[in-house]
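Chain naming follows the written order as A, B, C, D and E, and within any one chain the residues start at number 1.
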Amino acid sequence: MIELLATRAALFGLCGAALIGIGIYGFVAHAHLLRRLVAFNVIGSGIFLLFGATGLRRVAFGADPVPQALIITGIVVAFSATALAVAMITRLAMLSGEARLPEERPGGAPGGER
Amino acid sequence: MMAVVFDVLLCALILVVALAAVSGRALFPAVVFFIVYGLLVAIAWVRLDAVDVALAEAAIGAGLTGILLVGATARLRRMEVPEAETGTSAARIATGIGCAMFAAMIGLGLLSLEPRGTGLAPVVAENLAGAGVANPVTAVLLNFRAYDTLLESIVLLVALVGVWSLAEDRHWGGHPGLRQHARTDGVLAAFGRILPPVGLMIGVYIVWTGSKQPGGAFQGGTVLAAVWLLVVMAGLVEAPRSDGRLLRIGLVAGPAIFLAVGFAGALGGTFLGLPAAHAGNLILLIETALALSIVLTLGLLVAGPPQRKAGTEDGA
Amino acid sequence: MILDAVTILLTGAGIVFFVAGTAGLLRFPDTHSRLHALTKADNLGLGLIVLGLIFQANALSLAVKLVLIWGLAVLAAATISQLIARAALPDEIKRLMRGERR
Amino acid sequence: MGPLSGQGTIWLALLIAAPLAAALLSVVSGRYARPVALASIALMLSLSGILVTLVAQGPLRIAVGGWSAPLGIALAADGLSAGFVAVTAVVMGIVMLSALPQFAPRGDGETGESRAGYAFWPLAFFLWAALNAIFLSGDLFNLYVALELLTLAAIGLVAIEGKAETIAAALRYALFALFGSLAYLLGAVFLYAAYGTLDMALLAEIAEADGATIAAGALMTAGLAAKTALFPFHAWLPPAHSGAPAPASAILSGLVPKASFYIAVRLWFDVLPGAAGEIMPVVLGALGTLAIVYGSLLAMRQERLKLIVAYSTVAQIGYLFLIFPLAGGSADPQPWAAGAWTGAMFHAFSHAAAKASMFLSAGLFLHAVGHDRIDGLKGIARHMPMTAFAFALASVTLMGLPPSGGFTAKYLLLTASFAGGQEIWSAAMILGGLMAALYLFRPLGRAFSRAGEGAARPAPVSRLLQLAPLALACLSILIGIASAGPYDFLQIGRPVSAEEGLE
Amino acid sequence: MSGWYFALASVLLATIAGALLRVHRGPDAADRMMSAQLVGTGGIGVLMLLAAASENWAILDVALVLALLAAFASVAFVKAASSDGAGDPEEDAEDRRRS
């Protein structure tokens, strides 16, 4: 039983690690800010999953409630950031017609040199 | 044995969906995949014996974030914002290899990690009796690490002020979003009438049950916020003006009461200290107020910046 | 024991409906027949699972909760399928959702 | 816990609760921004003063909620944290006072609010609370939440003008900062997985120098560097800091990057002093050097005053990271480490005051001339002698000339680099000082030159407003003149590693 | 019993994978939306089976929340994609009939 729990923890922990990689890929590969935001959330949940899995590592003591509480806090914080970013992206699109940063648009000005 | 098969399948599915969400060419399918992703991650939390987190993920990840992103996608499409990507496939492959290596390093680090000590599970169990609640996760959130939770409720408010400040000057203080409407006797309006009573009950139940079993102010508050948004989308009530005095008081009520209780503790010698005899009641007070503020803040975060003054259709 | 057998039977039958629904989703030729088959199948499948699990629930509140879940899921599916199917999909949605083909 | 802990509780609690309460009040109504701001600033200045006097008698540490670590979260204050809290109070106080006219509640609606006039105050107070929370926190996850609070408030301030450029700048900042948060969080997760606690004092006792710990520290440092805008993560800073209104820029450039730098210092000097190794300090020092050179070069090429000042921040942040190679890199005791550590803190303090002053000055020039191209500054010193003088004083600090705080900082850092036989870093510092003189002379030279023929007459600027940058500039000089006081104060509760160096 | 539940839950996951294939392929708007809906229903089923398997009935609350919120994202899209961005497809259909 305890071995099973440890296997499960390792499995989901690895899944979390892979999600972090997938998320970073999405973050780097896209210029569209909404896509980057989705990728950011994938990285975040990967880290949370990893955290939750490590909470099971000390199997003799059961699931550790502290990581769970911290993850809930983290989820809410990540949502706040996401909501603010979504509002900024839509506003930027309204003002400039683009959902990308100026330097990442084809022919756009490089950052900070304006 | 079947449990292992299930877990492996679940992890594989999560990874495939995450890949689909970040790597596809178009925005809308990516968003749909991301909503599905939230749902699958909620199931993963159940498998990690973290039902409290599963509730939060289901309500926020599969619920509110879905509404938020889908709405934003549709708005961007309406504005005909270009979506074409520029990167070359060689660059993408290189990025992919780099990310895979990074993920592998994290995974190896995790496997090679030798956990020292007992973790905090036994310490939490030991102190649970004086915490005022029976659910250990709620005990951590509202007592042992209440300070984190206080700051977290503030983070929500900061985000809301940030969102509001993106309004146009002339719309300041007005209603967020467009004036929602639906056919009065239509399916949407009917859905918006049938669901809220049930949703209200479920949300309140989840806030209330948090002291004993998985649940709590954040999870329940998120559910209630989503229900509120549904009623707004069904055109049954208007999203409130952002300069309403009552609304503003509701927004700060939770953090303010939390802060007041914490400071009263400081006067007694312990910042955010909850005397064991009253901890249960104080937590109930804080959770109720927090839930109210969370409902309002989350709902308005999704609704977006003020976009029109009373009654006008003046939008984008 | 008998209760367990009933549960196994009902939940198993429920899954069969889910599988059938998915098969229909993947194989039926046109959108509307897919929609129709699918909504029915998964609502029925979920209903059977709920019914099967009720025999395992040792408290009335759990049974009520199970039925409530089923009711909500059916309501959601019905609403969405009506919004899409009955109100003849506006071109706007079609265009928006097919965006990746541009 | 010391005998002071009971007394300390109220003051530490108030330092976080008071700005939060002010922020909540300003969320409820924008109409009372002025009285709320005046009262809160006075209160915060007194509270910070009380903290300084308390810490002067010894470091404080309290267990929030009465739950001691590892279960609960500890608040801790030593000389370093109290120093940062005090500098924050003075800078925030002066900047917010000077922001009162610009962000006055003067809307025409029934609530008497205007958009920016409303949003500035809660954002500024939330930011102040976040800074204090960071400087007083003793828990790595609590730091994460406080850091997010700081970041979101700062993003809001960057975007407050509501123009396409500023929103793009805010989004670019958000991308870097949120990515940085995630890296920091991942590192903290690894530390919890390994040691079962997030309390910094406990971790310091049990952390070992194994691979996972070092990797965790490196991840956290990378995240913090992105938030501090250390080269090569600097791209977000100039547009964000130059696009915001002057008071917001002053806060963003003077204080916000210092918070993430502060956490990095705490992480290596207090929590993981034995795990720094030899490579990490050198890498951070090299990036710092590159930041100095690159930031200064770009500052020389700018034609707009606010951009010069913003690129100068990129350069000045570089000096901060020289603390790592100068105070570490060897297992042997390094007696010069104390000088390097203290020097970097002097730099952080005097740069905070000087940079805030410069942005306020730039804002006043902009107000007077209508734009901030340096060509338009010709002869401005005649019309606004006070502000021009303030800008010159602040420049003295950035160039590191005596008797400024910048001089004390560079003196300490240079001494450490010579004593430690690491002259290469002193070359970077000296070069940086020269380049600062070059890029600051361009606006200064024009300001103090004769006005050209037919130059438009600048709009009048109130004397009272001109006092603010002057006060901040004087503070940056004063830190140098009276450096003995802060020097001794910083040693209170100083970690051993700041005396013997990182290993 | 728990083995049986896990087996069923695994099959359900497989049907979810099938539905995801339809989300990916489309081609029609209705297909994507309804397939996502099926995924939601399947997820609810999985959670109920997991609750029974572990006899941890608190898991039902997660299923309850998912069932409650199942249609919300779709409603948000239908609304945002309606003719004025805030209406409903039924209204639009009526308008079309009238004109």
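Criterion: a residue touches a chain if its C-beta (ideal position, glycine included) is under 8 Å from a C-beta of that chain, and two chains touch if they have at least 3 such contacts.
The structure displayed is predicted, hence computed values, not measured ones.
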item	value
Graph distance between chain A and chain E, where chains that touch are linked	2
Joint neighbours of chain C and chain A, given as chain labels	B
Shared chain contacts [chain A and chain B, defined touch]	D
Chain separated most widely from chain C, comparing mean CA positions	D
Chain centre separation in whole Å, for chain C relative to chain B (CA means)	26
Averaged-CA centre spacing for the pair chain E and chain C, given as whole angstrom	8
Distance from the mean Cα position of chain E to that of chain D, given in whole angstrom	48
Residues of chain C touching at least two other chains	68, 72, 75, 79, 83, 86-87, 96-97, 101
Touching two or more other chains - residues of chain A	20, 50, 54, 57-58, 66, 70, 73, 77, 80-81, 84, 88-89, 91
Of all residues in chain D, the ones touching two or more other chains	141, 145, 148, 152, 155-156, 159, 162, 167, 186, 193, 196
Touch relationships between chains, expressed as pairs	A-B, A-D, B-C, B-D, B-E, C-E
Parts of chain A lying in touch with chain D, wherever the complex brings them together	20, 27, 33, 36, 40, 43-44, 47, 50-51, 54, 57-58, 66-67, 70, 73-74, 77, 80-81, 84-85, 88-89, 91-92, 95-96, 101-102, 111-112, 114
List of chain A residues in touch with chain B within their complex	4, 7-15, 17-26, 28-32, 34-35, 37-39, 41-42, 45, 48-50, 52-58, 61-66, 68-73, 75-77, 79-84, 86-91, 93-94, 97-99, 104, 106
Contact footprint of chain E on chain C as seen in their complex	4, 7-8, 11-12, 14-15, 18-19, 21-23, 25-26, 31-32, 34-35, 38-39, 42-43, 45-46, 49-50, 53, 56-57, 62, 65-66, 68-70, 72-73, 75-77, 79-81, 83-90, 92-94, 96-98, 101
Chain B contact footprint on chain D (complex, rising order)	6, 9-10, 12-14, 17, 20-21, 23-24, 27-29, 62-67, 70-73, 75, 107, 109-111, 113-116, 118-119, 122-123, 126, 129, 133, 141-142, 145-146, 148-149, 152-153, 155-156, 159-160, 162, 167, 186, 190, 193-197, 206, 211-212, 215
Complex interface listing, chain E residues touching chain B	2-4, 6-7, 9-10, 13-14, 16-17, 20, 23-24, 26, 32, 36, 39-40, 43, 46-47, 50, 53, 56, 58-59, 61-62, 64-66, 68-69, 71-73, 75-81, 84-88, 90-91, 94
